[in-house]
């Protein structure tokens, strides 16, 4: 599904700041991978580089989605190709209704893929059903995108978008940040409901706790722009117990 | 379906917008020209031309004198230079001041008599000239909303729909030339009473040469049974359009009036100097909405309409209320300040505006809120968007006279810049001459937010779609003040106007 | 309406009449050149009139009329002057003329100070390239004939060159002893790279004054400017502050104005180097026949600069407060952060506030905003204080001071701010 090889990236404005320094990983269809790492290890940069945000220069390496080069594509082309980023800090867009936003996005992607656009009626039916599962009420759908949403509401809204857009490859960037236990459970349930053989996940997180709810197949430890260790779910528990310091020292040894 | 439509209305951009945008394929959609034989007055401006216009309209002597007086005043005036506009010198002798389709030489008795080419033109413009026609985009409204339409083609009014039904309610809605014939006492009483002949250079010009326009009279206590609408179109080359609109709302009456404008694409500039006067008496309410989509010139700044318009509402008696809503996307140059004279006590004035300037367009637009009555209220919401090489200025006046005690004004004025070659300017004048009135003015200028664009694009929208969505969100407060049919058209226009502004 | 050409001709005629029987002061070659150029500018522009865009709210005639209307002197009742408790180097002007006896010796580490009248006689002076140059540059897009008039005819003033970080503020004290003095002062301040100084000004200057201060702050330099314009009612005057800021340079200018018949303060700030910041603030207290006008024009001519304008006016008894403020952002000035607020508190029905807060922006990656409000004391706040037992007068004073606080907060050194605040409190308490 997603294959990253030797990815190097630096800040566009300051080539002295090198963030990713040879990152490689491969996510197969249906798999859930977690990336853990201390602050500043390059976790969010990875999600931005993959989803095509301006401000970073890729100096080496590749990233492909189902064999197609992601890095050459515009952000919207990546989305249409099936990549989805659940933002750590979902953006507020005053004046634009949440529903309008969703429908515009869904139909833009359908169009890009050569599919019929959803009629307003169909769309409404689907969105209501999915919103209900995530305990998103009608009011939240009418309000402007993320404006005045609580932290938990923003994250649930991200998962609703994911559910509506039905991507193949989902990247969750610190989706657990700012959530209490109940909200995290709700979000995790939403994600788990979307797990299937054709869809993969890359869960970026600082803490292990999210992984209690979204159980990964593979766990990677990211440090200074590189994967320093890969293992099963037990690796996350090890980090939880001992922190990152030991692993980092081990990697440097 | 009713629920769905409700949602659509509340939301902002909807599917129709996107579809409309797609169907319009990136160019000015009203840029065609209708080939119709025209009856022109000779080029140029002098007293004889003024007399000729008056004669063609079969006007009474007093109106001819009124026009001549305006013309003589105009001769002594100078074109205003205070706006942030670079206006090329206009040769007023190179314009035609009167153009009329030949087939209209005899006034049509009914729409059947109208040149089919004209009807075709209006069909192309999407204007329903036939009775019982629904305006597009009003799905789910079972009965459909009726809108009475008056259409002005170059200088001449072509026919007004729904006359009978309006007459039954006592509403007069006709061209101003008809009103001069049929209701001279009303025209004489109110014409020039809000915008005097010498109000400004362009108003003086209009007073001298206006050839047609709309007249609306709503009798006391009447709530106009439908929205009234005028579509203006400049078709003939080198023709100035000088329409004059006069709306009188008697005590306790209500009316909503819509105005739309288009013109063919040409590489010469065309002049449009209109005057709109609104008289609002006790407890009456007028809502005036404009979607101005005159040809803005091409992407190199060639051609386009010079739009110099004076619009003013006089809330003459207590509790009178006026609301201006405008979406200005067209014209090469826009000089326009729809104003409210809040003369009575407890009067209200509102101004909601979206002004978009792209390519080489220049817009200097805003409003005046002149508070004369006690406890009068006004509200201004202005959204300016600049792209390409355009210059966009908000200019406004809020004036609290010493006697306008306990009055309030709130002004919010936001500008958005797309690209680093354009300009966004804010020039408010705030004059507070009594202490008990409260005035608040806020303005911001910023660029289109990169994070918002990226968020949209990461959900699959392309850049133009993302910009259109974000800009429509920025304009939301104003769009929601428009009647629904206009809101849809306006959203589509916002998107179209910004095409080519990114990337 | 008068045709534009005729209006211009009248302005030029008025200037000719005013200059007809005046001769330029004697001086060295450099200052004579600057004065000649300034005089020519006045002749070209003519005198200001109410028809000029930036004089629409203030009638300039009293500033340019041939004669001076005598004005009674203000009785200070033995009250000490502002900044009296602060250790500083004092330069005293009486009715606009330097008083060497009353002044401290012009010696201070890190600063060179010289009288304009002395420097003008020599041909070699650092101020040669500066005198009149900021005035000349600032004549477009807005004409400022009063400043050029000053550049041409002023003989009094000081030239201050800051080369280090002097320990004490430089204090210009303006005493008024004549009822008819008509004064012109022209100061030039150059802050060298990385240097930093504080300049204080206080006092009414003269019955009529025309003051110009040209400030050039080199890269990384900082100037604090705090001005208290005296409390005399019967005087008219115009003050121009011109400043150019180099890369990473900072300017903070604060003005307190209390009364006067007509006071117009122009601040024309040019952010000429990347990363500079300019804060211009003013607090005005006006009572009676007082017309006060703050006109600010800040040009962002380089990227990443910050500017703030904070103006507060408390007015009553027929006082008129004017604020005209502009933020102009050039096309190259990306990442500009511009802020402006102008507010007035009208204490009775006769007060007026006239404002024109402008933005003119040609760069897209900017954050600019302005706000302007006018109103009376908030009844709810007043009631709240009274319900807690605060007498009405005290409550009002408290609210007025709270209203002015945002402007006073713009003064970096709290010692000066406190001095002014205490002064304001005393005035309000006495006047009620």
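Order as written gives the chain letters A, B and C; numbering starts at 1 within each chain.
To be clear about the criterion, a residue touches a chain if its C-beta (ideal position, glycine included) is under 8 Å from a C-beta of that chain, and two chains touch if they have at least 3 such contacts.
Per UniProt, the chains are A = Fe-S cluster assembly ATP-binding protein; B = Iron-regulated ABC transporter membrane component SufB; C = Fe-S cluster assembly protein SufD.
None of these values were measured; they are calculated from a predicted model.
J.: Treat each pair of touching chains as one step and give the shortest count from chain A to chain C.
T.: 2
J.: From the C-alpha centres, identify the chain that is farthest from chain C.
T.: Relative to chain C, the chain whose C-alpha centre sits farthest away is A.
J.: Provide the C-alpha centroid distance between chain A and chain C, rounded to the nearest whole angstrom.
T.: Chain centroid spacing, chain A to chain C, equals 56 Å.
J.: Taking the mean of the CA coordinates per chain, how far is chain B from chain C in Å?
T.: Centre-to-centre distance between chain B and chain C: 44 Å.
J.: Determine the centre-to-centre distance between chain A and chain B, using the mean Cα coordinates as centres, and give it in whole Å.
T.: So the centroids are 47 Å from each other.
J.: What residues of chain A sit close enough to touch chain B in their complex?
T.: It comes out as residues 51-54, 74-76, 78-80, 84-85, 87, 90-97, 99-101, 103-105, 107-109, 112, 117, 120-121, 124, 142, 144-145, 161, 165.
J.: Using the touch definition up top, name the residues of chain B that touch chain C in the complex.
T.: Residues of chain B touching chain C: 77-78, 81-82, 84, 402, 405, 415, 417-447.
J.: For the complex, which residues does chain B have touching chain A?
T.: Chain B residues touching chain A: 1, 4, 7-8, 10-15, 18, 449-452, 454-463, 465-466, 469-470, 472-477.
J.: List the residues on chain C that touch chain B in their complex, please.
T.: Against chain B, chain C makes touches at 1, 3-4, 53, 331, 334, 344, 346-376.
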